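Going in written order, the chains are labelled A, B, C and D, and every chain counts its residues from 1.
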Amino acid sequence: MYLQLIGQWPSYFSFLVSFTFIGIMWINHHRLFTHIARCDDVLLILNLLLLLGVVVVPFPTAVVATHLGQSDQRTALVLYNATYVFIAIIFNFLWKYASSAKRHLLAKDVDAASVKRISRQYAFGPVLYIVCLALSWVSAEASLALNFALACFFALPPHVAVSKES
Amino acid sequence: MYLQLIGQWPSYFSFLVSFTFIGIMWINHHRLFTHIARCDDVLLILNLLLLLGVVVVPFPTAVVATHLGQSDQRTALVLYNATYVFIAIIFNFLWKYASSAKRHLLAKDVDAASVKRISRQYAFGPVLYIVCLALSWVSAEASLALNFALACFFALPPHVAVSKES
Amino acid sequence: MYLQLIGQWPSYFSFLVSFTFIGIMWINHHRLFTHIARCDDVLLILNLLLLLGVVVVPFPTAVVATHLGQSDQRTALVLYNATYVFIAIIFNFLWKYASSAKRHLLAKDVDAASVKRISRQYAFGPVLYIVCLALSWVSAEASLALNFALACFFALPPHVAVSKES
Amino acid sequence: MYLQLIGQWPSYFSFLVSFTFIGIMWINHHRLFTHIARCDDVLLILNLLLLLGVVVVPFPTAVVATHLGQSDQRTALVLYNATYVFIAIIFNFLWKYASSAKRHLLAKDVDAASVKRISRQYAFGPVLYIVCLALSWVSAEASLALNFALACFFALPPHVAVSKES
């Protein structure tokens, strides 16, 4: 049985990676919505698009886990990284929309520097995930390494992730 | 693997359509319950019937996705559109019940014009989804096109969807 | 495909019955917890036992749906009704515990007559579900008919279900 | 059918044990978070690690249930008990972090004796679950018996589980 349990490692790997990355997105979502006090229809839709990204994550992660090291791993990595490009873009849209001064969706006592730091941290997302995607053609290891490094970067609180002087 | 992933398109299609349409129902539900401040037993039951419609949606959607373009697609479309006829009727019943002046279920500061606009937007639902259902016998494309157009119509906020003069 | 869809009726039947009966339990739970204002460890455990009953329901319901009209339907009905005997007992324990005057778990402004009516309605549960269970040996139809009648009885608000004079 | 139902006992056993043990963890989580009033990023992450433990539980439990009494039951028990060692460690970290005076995460009116009692009860967890794990090599029955006894111990409220004098 020991070997049977070990033989299922792609399932464990994709479960743990999906759990961790969705957890990091949840923490980020929590960070944004401690600042957001009101919502409107567009914010609801952007939030649903974020949820779409989150619920999709386990599928490309499982595809990567089962095809890693095989001849067709590139397709898996493209699908996987494309999902994160999508999520990073939606996070930026949602935050840009919510934090826009003219819409008054943020809490009144919100700290302007804190809002700016989140915007600056998130701006790295789409660009760097596209680099991840491009790296799929160069090296699977490099692509995954950058993808995992980005997850760590977005797990960091904004005041640690981006330099304090703004 | 690329072809394997592409070959699963009916799953993706039905997942995305179900997600989108349930999302639109969630936004509508959210709109109604920002006006509703109290509940009673009948409202709980109508709300459960709405939930029944929502949890059922992925099944007929998957049936349509797997049978589209085949000889028996009409049965699939009838099942699919019948689900939306049911949901549209329940939405109307729930809103009519909740917004009835004598039951005092709405918030005290509710805007009468806003209540009226929702009633007018929802009144289109049952009739037009029955047209969708009837179109299944004429043309599958027309039936789906009207169904998707209706989803967009119900995604619109009431003050955009129905003319402002009331 | 029409015949294939029809051929799955036991799935639809058990889904609809489970959904309806869990819905009725949800409404009852909602009724109890509009009166309950505080909780303690025993109430948490009784609430978990109720949740256990609720999550189990779809299994015996599916067993009944797939074995109805077959020679071994009695075993299915015994399992099914035993689940409801368990749920009815837990509902009674939970309410007796929560409504006990010395524990001060109810809201302060709770209506004594309303508490009494719930106690009287729930007292019918365990006895009548045991009758349902016993009827499994006499007639499957009678057993299911009484079970469904009881679901309707518990869907009724207490002031309708039990006579108003107390 | 009676024999078929009985033949699925490992499924029922692992379902019931998972449900019960997750229920006990839920009660403990509830106990902690009635004292915790504020949260920060580290607490969010520790809470996610706890959630990871909770969602994993049904897997090793099912592995134990299907392999009990077979030659390879030790591997199953090691996996099972290792999960609880992990959960016990995370519960301790989370509570130590949250209850640390310098972080001000607890409610202001929190009872110091009550905080101390939880710390003392939880301190038993990691050590005793490691004993459980070690017992897997000696006797499967002893390992499971201690594991179940520990579940009961953690179901007890802290003021009952640890002596009142502190």
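Convention: a contact is a pair of C-beta atoms (placed from the backbone, for glycine too) under 8 Å apart; a residue touches a chain by one contact, two chains touch by 3 or more.
Just so we're clear, the structure is a prediction, and the values are computed from it rather than from any experiment.
Enquirer: Please tell me whether the contact surfaces of chain A and chain B are same or different in residue numbering, using the over-half criterion.
Expert: different
Enquirer: For chain C, which other chain has the most distant CA centre?
Expert: Relative to chain C, the chain with the farthest C-alpha centre is A.
Enquirer: Express in whole angstrom the distance between the two chain centres, defined as the mean CA positions of chain B and chain D.
Expert: 43
Enquirer: Using the average of all C-alpha atoms in each chain as its centre, how far is it in Å between chain C and chain D?
Expert: About 30 Å, centre to centre.
Enquirer: Linking chains that touch, what shape results: line, ring, star, complete or other?
Expert: ring
Enquirer: Can you name every chain pair that touches?
Expert: Applying the touch criterion to every chain pair yields A-B, A-D, B-C, C-D.
Enquirer: Considering the complex alone, what residue numbers of chain D touch chain C?
Expert: 1-2, 5, 19, 23, 26-27, 30, 155, 157
Enquirer: Hey, which residues of chain C end up touching chain D in the complex?
Expert: 41, 44-45, 48, 51-52, 55, 63, 67, 72, 75-76, 79
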